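Just below sit the structures, each encoded as structure tokens.
Same chain, two partners: subunit A is paired with subunit B first, then with subunit C.
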Partner chain A sequence: MILPIARKEFLDAWRDGRFRWAAAIMVALLGVALLLAWQQVGRTRAERAAAATIERENWLNQGEKNSHSAGHFGVYVFKPLPPLAVFDRGLEPFVGTTVFLEAHRQNQAAFLPAQDATAMRRFGELTAATGLQLLAPLLIVLLTFGALAGERERGTLRQVLSLGVRPRDLVLGKALGLGVALAVLLLPVALFGAVALAKLPGGDAAGGWIRLAWLGGAYALYLAAILAGCLAVSAVAPTARAALATLLVCWAANAVLAPRLASDLAQRVLPTPKLVEFETAMNKAVQEGLDGHNPRNDRLQAFAQETLKKHGKTRIEELPFNFNGLVMLESERMANEVFDHHFGKLWDRLEAQDRTVTWTGLVAPLLGLRSASMALAGTDFTQHRHFSVAAEQHRRDFVRVLNEDMMNNTDGGHHGGTAGRALWEKLPAFRYDPPPPAHALRAATPGLMVLLLWAAGAWAALLLVAPRLKPN
Partner chain B sequence: MLETLQLTKKFNGHVAVNKLDLRIAPGEIFALLGPNGAGKTTTINCFLGFLTPDSGEARVNGANVDADPLAARRQIAYIPEQVVLYPRFTGVENLDYFSTLAGRRHTMDQLLALLKKAGLPKEAAERRVGTYSKGMRQKVGIALALATEAKALLLDEPTSGLDPAASHEFSVLLRKLAGDGVAVLMATHDLFRAREDATRLGILVHGRLAVEYDASEIKNVDLEKLYLKHLSA
Partner chain C sequence: MTLFKLEFRLLARERAAWIVLALFAAALGYGIWNGGRVAGRQREAATALTRSSEEFLGQVKQALGQQAIDPKAVAGRGTMAVLPPAPLPLLATGQSDLSPGHESVVLWRLAASGDTRSELENPSHLLAGRFDLAFVLVWLFPLFLLALTYDLMAGDRESGTLRLALAQGISPWRWMARRALARSLPMLVLAALATLAAGFFSGPGGGGLRVVLALAVVLAYGLFWVALAVAVNVVARSAASAATSLGAAWVLLVLVAPTLLNVTVETLHPTPSRPELVAAGRKASGEAEERGGELLNSFYRDHPELAPPGQQADFAAQHLTVQTEVGRAVEPVRQKFDEQLARQQAAVGQWRFVSPAIAAHEALTDLAGTGYWRHRAFREQVNDFKKTVSDFYTPKIHLRQTLTLADYERLPRFDFREESTAAWLNRTGTGLAGMLAFAGVLSAWAWQRMRPAKLGALAS
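What follows is the complex of A and B.
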């Protein structure tokens, strides 16, 4: 009995001019969003690749200088934009794209795309993801608010039930028919997304297709939850107008209110330090040690004594290498401990904030979806952290090679001696390998669980209210 | 066969139907008269299983509706005061949908033939029902009763708002259905149609069946006077 009902619902929806118009507008918006994003992502990726090539040339052609100066000359590395940013830009506009790698300092990624944007950005950015997150539920509201409440008002529900139809079959048939109508509508968008990914150079990198499949699953769960929830409301609402009002309030709470409240809540419960406070605390720890009672100079003096003792010498100048190079290596090691501690704490806190926002999704499914969507698209904070860690590792390797050169190939007791292109070439260009899909899936798991709970809850609610469906 | 045994239904302490005993045999048309709020629609709702009686039973072909409302509904065709159809579908598509829901599959030709039998020609049947008059919609309702081969027909004010010609056409179809052995319960205010079509009629006052007549008993009496007399009693 479910299939004839589904068939009728599907046809009824497609014959409804209002639905056709709304659907056409939505498909057009999503199509345009995907097309523009595809162009923008392609352009940005090409720009960053070109910038990386130029930067490499700058590094190789910096001329002869001592290796320590080369450490301060530094190098810029650029974060590659994940291909699925075409679909969901996530945090990309709000986290830096470029990291300056230099001796003694771990820098944060700088140059946020949002800084270069116009004031229009404050109205939000239309991406395929935001379209599906915000507009598709609105379309479902318009499709479903009258599905049961409207039939009750018109009297068709009474007639249908008088024929001996099981109420559960009726609601499931309606859900199936409307779900298929929605799927048919979204199919071209999904195909367009797949084509866009395929056409993007390196689109399959980091398991692009696997990520896309999981993204499809996450959005299907979200829309299925919304569909069942809307039908449940329509089943119990006294009138279609009451159902519409209730659903619009729920939509606004989910789409507008919840994201703001959740991020405020996360910041309140798990505050992060201001940039100035963070840098001051880190610089202080570099100078005074992590416990604040172990000044750097004392530690280096002790290190010098240990080194002399180890080599059986009494004066620095007697050491068979440039002691300054060794000091650089040691001070980098000490500073790295501080960086690991402070950045680790900050990033852990930011991830905890994200988790808080995600679990707040238990009251608003959009939050769960956003988290899962960004994670699967590779535009969430965990992937930004993965990049930052890779960039920092590259910095440490590159500074170590320079300091070892200073230690072994220059005169002792000073920074003298020069190095050239031969040494610069020893340092490989930065190459970032994005994390595999398993990493993305791990990051997306809380969001997916939230969506799973919502879908299960909404369908259970629908099946629970179905037998109580009142004919009038 | 439609039957009620001491059927009683209350709403918030108010007795809508009070120990009602009815028995409508196959081929009978029973006209249930009574003012608004007398309990006519409540009785129909009990037959449809939309309401659970506080005591007593409604039975369709001997089976208690309350025990298995779905089974009871599958033997019943119900035509409300306003047959409401899906406006974006044609008459024949509506009939196809409703009869499929009732568990009866028919070809398009069979459905068109049923609609024709109910008085709706092919060109009207293949038109979207948004433009249908009430009479045309009632004909789709009758066609549905034919399509589902219902054993019992429940009518709730079926001729209200129909013009005399449409009302007459409806009566002819109704009598034809009864002639085929369908038990018909018709709740109505239309005293003229009740006298014309019913084989028996009863007057419901405050949920009680005040009086019951055979068609032959009221052939030559002023039904309106009789009706008003029972209301004021």
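What follows is the complex of A and C.
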């Protein structure tokens, strides 16, 4: 009995002028969003690659200089935009694009694209992801609010049930019919997205297809949960108008209020440290050690004694290498411990905040979906962190090579001696390998769990209310 | 008047109306409180930075009282340029959580493009946006307003009571206008009170004119939505269809239009590439550094008055010359960058009228002093200040002069000059006029549809 009902519901939906209009607008918006994002992401990727090439030239052509001066000259690296940003730009506008790698310091990624954009960006961005997150649920509300409550109002529900149709079959048939109507609408968009991804150079790197498949699953869960939830409301609401009012209030709470309130909550429970406090604590730890009781000079003094003992010498000048270079290596090592500790703590905190927001998704499914979607698209914080760590690792390698050169190829006792292009070429260009899909999947797990719970809960609710369908 | 009173009493008997009003009041209160917390944090940071700058200057003065000091010691520490707290920060957080509110201007790093952040923020929170008063007023206010006014006439048409009501001989326009006013008045009053409260709690920096204008913007925005509800009710067949149309209008104007404008502007005037600017600056500095000695020599040829005794240039002088050269070389690229950004913003200014929500948001953040314009003024003034710093210290360093107590009063200090009243008045006035025009056009259309001659069409 389910299939004929589904068929009828599907045809009804397609013949409804309001649905056709709303669907046309939504598909047009999704198409425009994908097309423009495809163009924009392609341009941004090309720009950043071009900047990286120029910067590599800058590094190689910096001329003859002391290798430590080259450490201060430093290198800029630029974050490559993940290809799936075409679908969901996620945090990309709000995280830095550029990291300055220099001796002695770990810098944060700077220059947020949103800082260079107009204030319009704060209204949100038109991407295929936001279209599916915010507008598709509205379309579902429009499709479903009258599905059962409207039939009850018109009296047709009593007729249908008097024919001996099982209420459960009726409800499931409607869900199936409307679900298929929605799928017919969205599948071409998904296909278009896949083609766009394939056309982007390097688009299939970092497991693009696997990520895309999981994205499809996450959005299917979200929309299925909403479809079932809306039908359940329509099943119990006394009138179509009441169902519509309830669903619109739920939509606004989910789409408009929840993201902001959840951020406030996360900030309240797990406050972000202030920049001044963060930097002061870090600089202090560099000088006085992580425990605060081990001044840098004492540690370096002890290190000098140890080195002399190891080489069986009594004076630094007798060492077979430039001791200053070794001191540089050692002090970088000590500072890196501090950076690892402090940046690690800060980033852990931000990730914990994001997890809090994701789990708040148990009240508003959008939060779960948003988190899973960004994670799978490669535009969430964990993947920005992955980039920051890779950039920092490059800094450490590059500073180490320079300091080793100073240690082994310059005179002892002073910072003198110059190096040239041969040394600069020894340092490989920064190449960033985005994390594998497994990383994205791990980051997306809490969001996917939230969605799974929502889908299970909504369908259970629908099956629970279906047998008790009241004809009036 | 009796009609107005009657409608008002009817509204007062609706339990749902009270719930809607209470929720709106709660959202307004939370918005102000939340905006206040952000503003408080920013004020604290600005005060702390200003205090530490003043402390340092105090130490410099004390040291200068005892002996002359090397200008490099003062210039190297840098001068903090601080954007003072906004005039009405509780009205809108705007861009203040994203655009830097202070910058340390250090003589040695005038040409470098450093980190542009002044606070640690979780990027997800920036993405989500703030629950501030502007959010409640621009996004939620229309929703709450429509919840009370979506059914002004459509429901009566549906149930047939409209014919009865119009048969009483009352002008439909008056009937509708009073009804709309009675049902929206409590909301408008609440929104106005919240705007006044934001002005009051923002402290004395605000100035009455900004609050008055903000009030006008909020009321005009509210009136636009009421006018839209009236216009939709003139044609809607049923209360449900009126509600659906108004809901769709909200989605299109508040949710979709700004994002569409965003992508359009981004496509027409793409944001210039910051990485390219950085790389270009580096290229210039690499080249200038290589020619460091040569540059300095030609500098001294052009400025013999600045050549130090014995023509022996030191490291600091060479660095400054290189830096000036880098600044000169990068200037055209930077100018192109800034021009492109200005074109983007100009496009937004022109197209903000596609949706009153955009116009209202731009006007409110502008009035709050947390929008694009005040931050741009700050950036420009910091750039000018860098020149002041360079003009003051560079000759002294070339000539190996020392700082004396007489120099103390002339040490470069950053003082932010607020924009002229005429400038922001002009921008927000245009926005306000645009919103009133929107409301006016809708009302005029509704009015002509409700002329007595069209009574028949109206009632059925």
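FYI, the second predicted complex is superposed on the first by the 472 of 472 C-alpha atoms of A that agree within 3 Å, B and C clash if a C-alpha of one lies under 4 Å from a C-alpha of the other, contacts with A are read in each partner's own complex, and residues count from 1 in each chain.
Quick note on the criterion: a residue touches a chain if its C-beta (ideal position, glycine included) is under 8 Å from a C-beta of that chain, and two chains touch if they have at least 3 such contacts.
Model, not experiment: these values are computed from the prediction.
J.: If you stack the two complexes on chain A, which partner ends up touching A:305: first (subunit B), second (subunit C), both, or neither?
T.: Touch status of A:305: no partner.
J.: Have a look and say if subunit B or subunit C is in touch with more residues of subunit A.
T.: Of subunit B and subunit C, C contacts more residues of subunit A.
J.: Identify the partner contact of A:134: answer first if only subunit B is touched, second if only subunit C is, both if each is, neither if none is.
T.: second
J.: Applying the touch criterion given at the start, work out whether A:393 contacts subunit B, subunit C, both or neither, answering first, second, both or neither.
T.: neither
J.: For subunit A, what residues appear in both contact lists, the one with subunit B and the one with subunit C?
T.: Shared contact residues on subunit A: none.
J.: Under the definition above, what is the set of subunit C residues touching subunit A in their complex?
T.: 34, 41, 45, 48, 94-95, 98-100, 113-131, 135, 139-140, 143, 239-240, 243-244, 247-248, 251, 255-256, 258-263, 265-267, 270-276, 278-280, 282-283, 286, 289-290, 341, 344-345, 348, 358, 361-362, 365, 371-372
J.: Flag every residue of subunit A that touches subunit B in the complex, lowest number first.
T.: So the residues of subunit A in touch with subunit B come to 1, 4-5, 8, 11-12, 15-16, 154-156, 158-166, 471-472.
J.: Where on subunit B does subunit A make contact in their complex?
T.: 48, 50, 70-74, 76, 78, 80, 82-86, 88-89, 97-98, 100-103, 148
J.: What part of subunit A is in contact with subunit C in the complex they form?
T.: 18, 22, 29, 32-33, 36, 39-40, 43-44, 47-48, 50-52, 54-55, 57-58, 61-63, 73, 76, 78, 90-91, 93-98, 107-108, 110-126, 130, 134-135, 138, 142, 240-241, 244-245, 248, 252, 256-257, 259-264, 266-267, 272-276, 278, 346, 350, 353-354, 357, 381, 384
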